[in-house]
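The letters A, B, C, D and E name the chains in turn, as written, and every chain counts its residues from 1.
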Amino acid sequence: MSVNVPWAEKYRPRRLVEIVGNKKAISTLMTWLKSWEKGIPNKRAVLLYGPPGVGKTTLVHVIANELGYELIELNASDIRRAEELERVIARALNTSSLFGTKGRIIFFDEIDGMSGTEDQGGLAKIVDIIERTRIPVIMAANDPWDPKFRTLRNLSLVIRLNRLRVHEVMRILGRICMSEGIKADPAALKAIATMAEGDLRSAINDLQAVAQGRKFLTLEDVQGLGRRIREYDVFTVLKMLFSARTAEEAKAVLSRSAIDYDMLIQWIHENLPYQYKDPEELWKAYDALSRADVYFGRIRRTQNWSLLSYALDLATAGVAMARKHPYHFVKYQFPKRLLMLSRAKSARQLREAICKRIARQIHVSKRYANAEIIPLLKVIFEANPMMGAKIAKALDLNKDMIDLITGDERCTKAILKNMRQIEEEKEEGERKPFSPLFT
Amino acid sequence: MSEILWAEKYRPRTLDEMVNQEDVVRRLKEFVRERNVPHLLFAGPPGTGKTTAALALAHELYGEEWRNNVLELNASDERGIQTIRERVKEYARTVALGRVPFKMIILDEADNMTSDAQQALRRIMELYTATARFCLIANYPSKIIEPIQSRCAFFRFRPLSKEDLFSRLKYIAEREGVELTEEGLDAIWEVSAGDMRRAINTLQAAAALGKVTAESVYKAVGMAKPKEVSEMINLALKGDFVNAREKLRELMINYGLSGTDIIRQVHREIFSARSSIKLPDDVRVEVADLVGEIDYRMVEGSDDEIQLSAFLAKLVLIGKRLRESTRSAI
Amino acid sequence: MSEILWAEKYRPRTLDEMVNQEDVVRRLKEFVRERNVPHLLFAGPPGTGKTTAALALAHELYGEEWRNNVLELNASDERGIQTIRERVKEYARTVALGRVPFKMIILDEADNMTSDAQQALRRIMELYTATARFCLIANYPSKIIEPIQSRCAFFRFRPLSKEDLFSRLKYIAEREGVELTEEGLDAIWEVSAGDMRRAINTLQAAAALGKVTAESVYKAVGMAKPKEVSEMINLALKGDFVNAREKLRELMINYGLSGTDIIRQVHREIFSARSSIKLPDDVRVEVADLVGEIDYRMVEGSDDEIQLSAFLAKLVLIGKRLRESTRSAI
Amino acid sequence: MSEILWAEKYRPRTLDEMVNQEDVVRRLKEFVRERNVPHLLFAGPPGTGKTTAALALAHELYGEEWRNNVLELNASDERGIQTIRERVKEYARTVALGRVPFKMIILDEADNMTSDAQQALRRIMELYTATARFCLIANYPSKIIEPIQSRCAFFRFRPLSKEDLFSRLKYIAEREGVELTEEGLDAIWEVSAGDMRRAINTLQAAAALGKVTAESVYKAVGMAKPKEVSEMINLALKGDFVNAREKLRELMINYGLSGTDIIRQVHREIFSARSSIKLPDDVRVEVADLVGEIDYRMVEGSDDEIQLSAFLAKLVLIGKRLRESTRSAI
Amino acid sequence: MSEILWAEKYRPRTLDEMVNQEDVVRRLKEFVRERNVPHLLFAGPPGTGKTTAALALAHELYGEEWRNNVLELNASDERGIQTIRERVKEYARTVALGRVPFKMIILDEADNMTSDAQQALRRIMELYTATARFCLIANYPSKIIEPIQSRCAFFRFRPLSKEDLFSRLKYIAEREGVELTEEGLDAIWEVSAGDMRRAINTLQAAAALGKVTAESVYKAVGMAKPKEVSEMINLALKGDFVNAREKLRELMINYGLSGTDIIRQVHREIFSARSSIKLPDDVRVEVADLVGEIDYRMVEGSDDEIQLSAFLAKLVLIGKRLRESTRSAI
């Protein structure tokens, strides 16, 4: 091996025995792979996940190597549009293997790096491939909890790789030093390992940065190493914000969070009443947040982003300075409204569909239909299921729609019953249906 | 038998069937006779027959072919002028069918458009003037920009008289076999404020409850109102912000109401004689003023829920002050 | 009654026919005599004869050929600078016909053009100065950018006197066989604010309803009768919020008035000499302040009814305070 | 009086003729001597000689050939980046004529360019640095993006002193045979705010009305006489709302002033040293706050008269409070 | 004074020339000696030498061949996901020329890359380690996705010490024959916030105005002296409106600042740690809101001076309220 290769590459494990940690996860993966020899298992895919630098990609490569599989790999540096995926997979499966191995594994690395725009349709295609595949599919991701991965997760055996422990990282660093001919103070290695927070690769990179070309490595040499930036989570940000004693402190939290401003506003909004029990404080904080929102509106309308700093002043310092009583800890909540919105998504679409029908039939706006007509229909449906049934038929409402309007199962049943009755009468009587002129 | 809402069922189909608005009808018939129509602007209060007249005119102009020659748009749904442009373009591209050489575009609630959007509309009107005529419908003509006004023949729809409205309601009640009392009529007049569509809707809702009396009218109207509005206000005044906000979210998310819808209902609730919200007069005024301020902030701002939450927070404060002053008064 | 607009029918055709604006007329006649005109800027309130003067000047300059030598662009035309450039170029390309070596471009409401468009206009004025003269018409000369101002001969049009206006209206009424009462005249003066065109239009619209009285004038222009507005105000001041609000809705519905229409009429009413609203001066002042705030909010897009209710609510408080202070004074 | 603009006629042609901005002139002459110029950024208030200096520099650099070597682009030209790129490219492609190896591109009002356009400009500056030099002219250098600023030699133009301005005006007046009074000079200084071009334009416009006095100056620029504005303010402060409002209408109608014109003059009046308005400082403060609010509301489109009435109303209240506090102090 | 940018002229070419960041330099030299480099991530504030170090490293690694082995992509280059997948991948794949077996790809301002593009990069970094090394440069390393951070040796560039900066500036000033005062140095430190490039640019710009003093530094960057701004604010808070306003005009005229410039500097001053403005923090927020409102009004087109006067007026009122509440607390 060339000396000019970065250590992280140079010391990447080639064999299973060289891999440190995560023993249980590895054996689960091995068992699953071996089960393919007895036919297609229940789960045709494995989703490997874990933070960066714990060896996901390496593990897949090593196992494939040891068990004699050929890997067909696609990662974030490849275009992963649906048609692209199909093409690559098809080609790979059709040509006979050059290596005469016993089989192939499809490996989708970095699936959380799929681009929304450039890789359109990619995720759905992967789901499709998993459902059809006759060979093992392995995927790797850092964060598989995004809702868009839900189907994938359900289809897969999910295996987690944990961050490595400090002593595990130290052991590997020690081996590297030995092979590079460096005498390393264990304290120095421990410092590097600790700073890596379980990310082995970054530890090796840091080691190379401080130790390459040296004979000795002391604790002192390690002092200059910079700690990687791992951001505060939103809970810490909120705590810092609400406990801030000065406007400056409150403003400073922004620089330490990766959270979008709109999202942060939602978190603040959600948690204000839990943090501020005193009405005086609550109003003051909301007044500030409301003013901040006014600036956001102005920014949206004028596209003048220089107004952003005022919005943020108010949303951070303004909210924080509303506090008169001492800070008390609160268990911060995820913005409930977002949950409600995502849960109500299908109901919203249903409502929209109802409004559209009403609007078209009686020549009003959808907004009017929602605010004025639907409540009226509710009254009629509850009080007079027969009249309601006739209207429901005229508007061609289905059970879900009626249910949304009445919000009451019994009432819906009554309407449906009446609708069936009308249907039967119609068949009997062959009466000419009412046909309005303007529909 | 299926049945659409009475307001639609009893909508006049021809110009002749329109019993009021004689002036308007007379002028429109002239257009029909000449088979030529300028751009039109129909203005007047809600429920005075503007949309009805537009549809009847279209019907008389195009006869059976009317569906193919009329495009109906509502400005409060199609806010983006871009959409309007595209739909109009798409629509005007094909030649008008039948004896009339142009198509018709009915734009309802045109006064809801921003003046920028109206400027763009005006350009569209010019562009397609050969193949399309616009009929703009508005409550407030003064909110239509001058250049559009001057391109349109102007029609003012007068408010309905009590007599006209009553005779229509009685006619419908009779046809539908509904018992309708005099106080019932008066109650409908009160809640509908001369708006024919609203009056008929109210009649139907009350009829669904049985005999139409003052009582059933108010009951129907009460049932139609989301109870969450007054609940929300009362919770806030009692100091329970979290649950008040919960109600707010229900209104916005479950009922699909916009911030403006809600603040209007709040406003109505606060001034309604029958409201469950009991407030001293000066506090009521203070709240009205607050409603005005919040409405303004919603227009300026971007997130209705935050603005309305701020409103609730202030109500909590007002409620607290109120309780304190009551206590100290004792 | 004839179909055409009286304001057009009785528009002076020659400079000599213009009865007022003697200074302006005298200077313009000079140009005609010399058959040379600089670029012109006519400024003054609406309806004081600016457009009339421009057309009369054109007429006298070009005689029968005037239609071929004058291009009129007004605010309702597309005036993006691209258009102006193209139309003017196109227009200026052909040689002027007749005895005058340049053509004339009349640009109405030039003060409504964006300053960018004006900048471009300035260039065009320079470019085509040999073959074309511009006559810019503006209400507010200060909204014309300085470089254009300094390129134009400036003419200020004075507001009409009540006498001038009345004598013209009486003349027209006589010719058209319209009965015109004194209060009718006063009402026209009130609503037209010295704008001749508006005054004549109002006269014509009111005459269409029969005899021209205060009543018919207000009806014709779609304004509430001042009495009703002051009634609403007085109800609120007396503390009767419910009926004041009822009145408000009536005004909005019966007259089809928008919130801005109403608040502006409230403003007029409060300061009208013949108003029935009796208010101590300091209260009047307070109300004026309030009106300013409400008007602003509605212009920003806030809901009309909410804002006006808030306004009435405040009036109630003012009224109450007023009564208390009177009582305590005793 | 001659036809052409005096501001043009009396514009200095050479660097030596520029009477002020000695620092700038000295440095520019250095460039001329070396026949080498970096990119330049001229910044300073309007009318301080920036364009004049750029032209004079070009003239001295290129002599008779200057027209072939200088491209002038100003705000009224199309300056989308596409155009700049094409015209500049086209222009820079041909070799400079004469003794100087580069051409010059003068970009007036560069601070009005969008920052996107400026970013592109910066690229072009780099690309054509061998064959072309840019001279950017700006009122506000801070609106020029930093990468451009750092590529340019920076020249700041100072506001003119009263003496410089007066001596120039007197010189011109003499040459043109215009009678110019001292108050006339003061008035020009007042309205031109140190802007030479504007001052000369005002002189010319006032001279067109005859002798140049304070009166004719204010008339020429369409401003009210300061005295009348302060009269209006004083009336309001004294509590005479009715007459203050009368005065206001007079100003709007007689001078053709828009609401914004008036409020800006009010602002000037309130803070003018020679104003007749006597106000305690804390009141002045309150009025300043108010003026800001009213100006903004009118900019947003609220009705001028309503807002100015609201303003006067507040003044009345302030005046009243003032008198009361004085009394109670006794 | 030389023509070219000093920041370029005095940029260190070799690692040895870099006077600060000793740790970083020592480790980089080690890489050069071994001719082995891991992927690098250089993080730190602007102007701390990140790009300089990357270029110097490349230079020392490749010597004369460096141009053939280094690909530099900065924010102004297209760096979307597509470019990464195509251009960068292609470049990384091909074999390096010369004694070093890998190429180097420098990605300046990598924190501005979309996370999609960063995702596409991560595997390329591993797949082509044999032929390519990446050096990513970022102001905000937190905007670099974790998987990439994990693939890089991390180098943090510390902000420059005042001493380092001063000694460099003095060195340059001496070489360029510029007179540089102590307050001038302090002012540069203040405006450059430890950014070497900016500091040198500022030095050059200020030197163009003559001797480098605090005054000339602030002038050169188009800012008022912070002390003067806080003086203005403090005057207003103390209630001295007249002098605060005087100060304001001074700032606008002396520094050529627009209203927006000033209001934004006020905003900075209000939250600045080293500001002399003493205010309770909740009032500070209130003032920030006020500043925002004024800024917005000016953006909307309201008059700068009027709005800034209104701002000062509000400050006076706030100051007064503060003093009163303090007094009443006693």
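Rule of thumb we're sticking to: contacts are C-beta pairs under 8 Å (C-beta built on N, C-alpha and C of every residue); 3 or more make two chains touch, one makes a residue touch a chain.
Only a predicted model underlies this, so the values are computations on that prediction, with no experimental measurement involved.
Between the contact lists of chain A and chain B, the overlap is empty.
Among the remaining chains, none touches chain C as well as chain D.
Set against the Cα centre of chain C, the chain with the most distant centre is A. When the C-beta pairs in contact are tallied for A-E and for B-C, the bigger tally goes to A-E. Mostly differing positions are employed by chain D and chain E in their mutual contact, as under half of the interface residue numbers are shared between these two copies.
Farthest chain from chain B, judged by C-alpha centroids: E. Each chain gets a centre from the mean of its Cα atoms; for chain A and chain C, those two points are 60 Å apart. With each centre defined as the average position of its C-alpha atoms, the distance from chain B to chain D rounds to 50 Å. Rounded to whole angstrom units, the spacing between the C-alpha centres of chain B and chain C is 31. With touch defined as above, residues shared between interfaces to two or more other chains in chain C number as follows: 260, 300. Shared contact sites, meaning residues of chain A that touch two or more other chains, fall at 298. Contacts between chains close into a ring here, every chain touching precisely two others. Chain order round the ring, anchored at chain B and oriented towards chain C, is B, C, D, E, A. The residues of chain C lying in touch with chain D in their complex are 43-45, 119-120, 122-123, 139-143, 146, 150-151, 154, 156, 158-159, 194, 260, 263-264, 267, 271, 281-282, 284-293, 295-296, 299-300.
Against chain E, in their complex, chain A makes its touches with residues 2-9, 51-53, 57, 75-79, 109-110, 112-118, 142, 199, 201-202, 205-206, 208-210, 212-214, 224-231, 246-248, 251, 256, 258, 288, 291, 295, 298, 302, 304, 306-307, 309-311, 313-314, 317-318, 321-322. Per the touch definition, chain D reaches chain C in the complex via residues 5, 7, 75-77, 198, 201, 204-205, 220, 222, 239, 241-242, 245, 253-254, 256-258, 260-261, 294, 297, 300-303, 305-307, 309-314, 316-317, 320.
Chain E meets chain A in the complex at residues 23-24, 27, 30-31, 33-39, 43, 81-82, 84-85, 89, 100-102, 116, 119-124, 126-127, 129-130, 133, 140-144, 146-147, 149-156, 260, 264, 267, 271, 273, 281-282, 284-285, 288-289, 291-292, 295-296, 299-300. Within the complex formed with chain B, the chain A residues making contact are 265, 269, 272-274, 279-280, 282-283, 285-287, 289-290, 293-294, 296-298, 300, 336-337, 340-341, 344, 347-348, 351-352, 355, 359, 361-368, 370-373, 375-376, 378-380, 382-384, 387-388, 390-391, 393-395, 422, 425-426, 431, 433-434, 436-439.
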